[in-house]
């Protein structure tokens, strides 16, 4: 019944409880940018997959789940998103999802890792599907927070914050703080919508998720409506959490029929975020509610989140 | 950034894509019954955990999620469950959840592995919490299907099928077939409710789940109402699937307020299955709906499910 | 004190007792030939390394140990080796060691895996060091046993059998039998010397080694002198075994001074096989002597060795 | 061809190049003393095995190899060892080997870890074989260096230093220095012999071995004769190194016949250290000689060895 390992594996540690050994059928490409190491490889069932710093980022199996969650609730909530900003978003798939909305006129993606994007453009076309070449797209390689700080009053309709988790000393640590969220609020228009990936939404490591929720909820003037939601990302082996913060529109008030109407009107096809499923995604399990009570706190530049190494 | 393993681990393979290496802080007990090997050990964050044949079964962290899912939707759906049967259910926690309903008068648990139950009684009191000693409980060590076949017309209100997955040649292979489900239907009363654990509900291995759904839905005369649902079991690193099949009551028609009323009236406290959360649990992601179209089939004794080894 | 794995690893199982997880710093090349899969990668401390079918074959750290053991004792024992045959020998390093002897006039290497050799020529120059282009070299891609069977009476001075281990059904199973050894004997001249790699020489898996020894010792007419020896191959994490079988010259009678004289006369420089060390290499630990008594048997085409999978 | 792990494993990291995953068939006992954690378990082929701090220490398969190497060369070299000291030596098997010599009148074992010894006495009888109860034995639980410092002039015939490797901050760091060796020299009689385990003797990590050799060779007044040697310890997956330092008798001058005579006269039976094999054990491979030139240095209390974590 017991058996031993033979083959090639990439090991990712998910808390001290468990390590995942992904079977690597084929290594397609590996390298290193100024910011991170990367591997593109074939994993059984997952198919083509990207790992950054030995953390699985996305796989052909269900990249649509993550990227629809990242983009579609915010895009759909806004009644007429024309001007969109994607912070981070390396593979170009968050951008792809935003561009599906025919009403979008300008999409700016700000990702600091130019080398990674160049690699992605060439080697991960299944993800970006030409989004980088869309005439509506502007691609910038600079620090997203710094750039957004200069966009106060620009009136973005939607900002999608698809950034790596905030490890201590890492490039994204100050992109999960109240100050950053305020910069986003200032760059949004009066009915602007902000969405962000917010880490694990399982019972093992809910800390980032509840801290993001607590922080955004503390900003009632900037964002009267805040709601956490999650997508079931098989590749991550857990539900993955997101936050939606909105100036004018309440995501929980968005009716199934209206979602259906908007997606149809804008020519958007989805596989995970469907009108029927919207409400379920925004219904958090009790353990996340309990975890917020126990571990929620306002993240600031002075006291940012620090992932336990 | 890379690091190597030092320590004690139990490895469980979940499809050819990934192997989980659980960190073992302390081995508390290990042994072997006629049917399976077992380990009880301490895993960081998960706490005290049980593994059978090197597959994690349950951990202190979130055993309540699995066992509430296994018991509470069916128990709550029945307007007055007095006579309950648990098939399998080794740790005694499914029984514990059923017994929470004060209206229960008789609870029969049928688990073939007497040695395992003896071990559980002594070493896993946090799970059974004395349920085996409840005056309403009858514990039988025999084949659940054979025993239920003799219970036709007994009028059980609820049958909870908490059995191991149907590996080819394994003890449970013929406890996931139409014939077995019919035996359950025949042992239930006119408004009886059947619930079962139905395996992975992630995008990686939805095959058992959709086959169980297809099979139960094919039995319209026995079970006019069939609904799949899932719980987020962090210990299993995925959403875990369950099926509910009902003769008279529609789980999707059960209102939040009525659930609240029933749980209160019967003195039931829950942490995962809450009135608020009932509907979300029964809202399946699209991939399970797609998977049923692609892979659903009626399981029979002649063509049972066989887990790929 | 305990820690978990993060990074890329290749796992090789060495008996059911232990699996080795090699850290992969960089994957340089991977592919598949008709006969085997291969990876060339960087391993810390080991440096550039080759794996075939997820078994480590050679590393920059100590390839010299294996390849000197494979070639030098036999080459040195022969008083004037002019005509040499290498069976197998993929990386070209066994050939390289043979060609060091300035007296060699013809060296024929017979390796069936043409695709692998093409890859090695391009990507492993540190191993072959141009040996394939040496004017004395003839490279053939055919079955070594079939080819040698046609060489009866050709009068080879030395035959070096550097073949993969004899897995059941694998390409080399019948290249570790009495019949094959006789074919080699027939292709050798009157004072010919045969050497072969003979697998693990540790206490965990001495079975192939002692079976080869038993088989060669049973062939007294062909090979009056037979001696097992070993090299400490750190990359293989064990002493690795070899057999030397000789028609006329006794390896145990070769004096340190004579070895020194021959190596100097032929312009051969070595790092592991030194005059001083010759005798120690041929002094087997007791456990190999005991294992031969317990497990030695004559390997034949009818009853070949079969590595336990 | 590739396969995944299922089962229980203990992982030990041996340099950053490789991690060993030992298959655990059965965990027999685990615990923790003031100084270290321990597991006694069944490993396939290795049999009953002891791990300390997740480092394999000894297995039933070949504990005789390590313990004969640890004791027999020194014991045999001394013409009449009556008074012996074992420093460390937890399992009692080094003591057992020393006591085999019928001439021994007093054997003092000094091991600081009283809890471990108590455990060993009860659970590892195959190792000590009653040595702790031998009337010649005195067992002390104190710091070996401190105790020996008080034994100046006691005239020990043989001191066997069977201590854990000198990790920085660990209990044995100052038991691998010139000052400690001098204390041993002072406690020995005029023809005293000192032997110690000296770590890995493979090409991957020869640093401790060559530093010990360099240090002892720098002490010409105390020890005119110093020789490194090694045993092939399959359980450690490498040759394991030892040092012998002697005041009057040269180990390289000890003839095979004399070894045979002494072992016979003293009633000593051995399996690994045999008269025939003595010389081979003391013949070091070139890479250890090269490594000493490159990495040898005198270890002192001021600049002790520090194992790279």
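Think of it as A, B, C and D in the order they're written, each chain with its own count starting at 1.
Quick note on the criterion: a contact is a pair of C-beta atoms (placed from the backbone, for glycine too) under 8 Å apart; a residue touches a chain by one contact, two chains touch by 3 or more.
Small disclaimer: the values here were computed from a predicted structure and weren't measured.
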Chain D and chain A - chains in contact with each: B, C
Those chains which touch chain B and also touch chain A: C, D
Which of B-C and C-D has more C-beta contact pairs: C-D
Chain A-chain C separation of Cα centroids, rounded to whole Å: 54
Where chain C and chain D are represented by their mean Cα positions, the distance between them in whole Å: 33
Whole-Å separation of chain centres (CA-atom averages), chain B against chain C: 56
Overlap residues in chain B, where contacts from two or more other chains coincide: 1-9, 11, 13, 16, 19, 21, 23, 54
Interfacial residue positions of chain A with respect to chain B in the complex: 1-3, 5, 9, 11, 13, 15-23, 37, 43-46, 53-54, 61-62, 65, 202-204, 232, 234, 237-239, 271-272, 274, 276-277, 279-280, 283, 285-287
Residue ranges of chain B touching chain D (in the complex, touch as defined): 4-13, 16, 19, 21, 24, 26-27, 30, 39, 54
Complex contacts: residues of chain C adjacent to chain B: 1-8, 21, 23
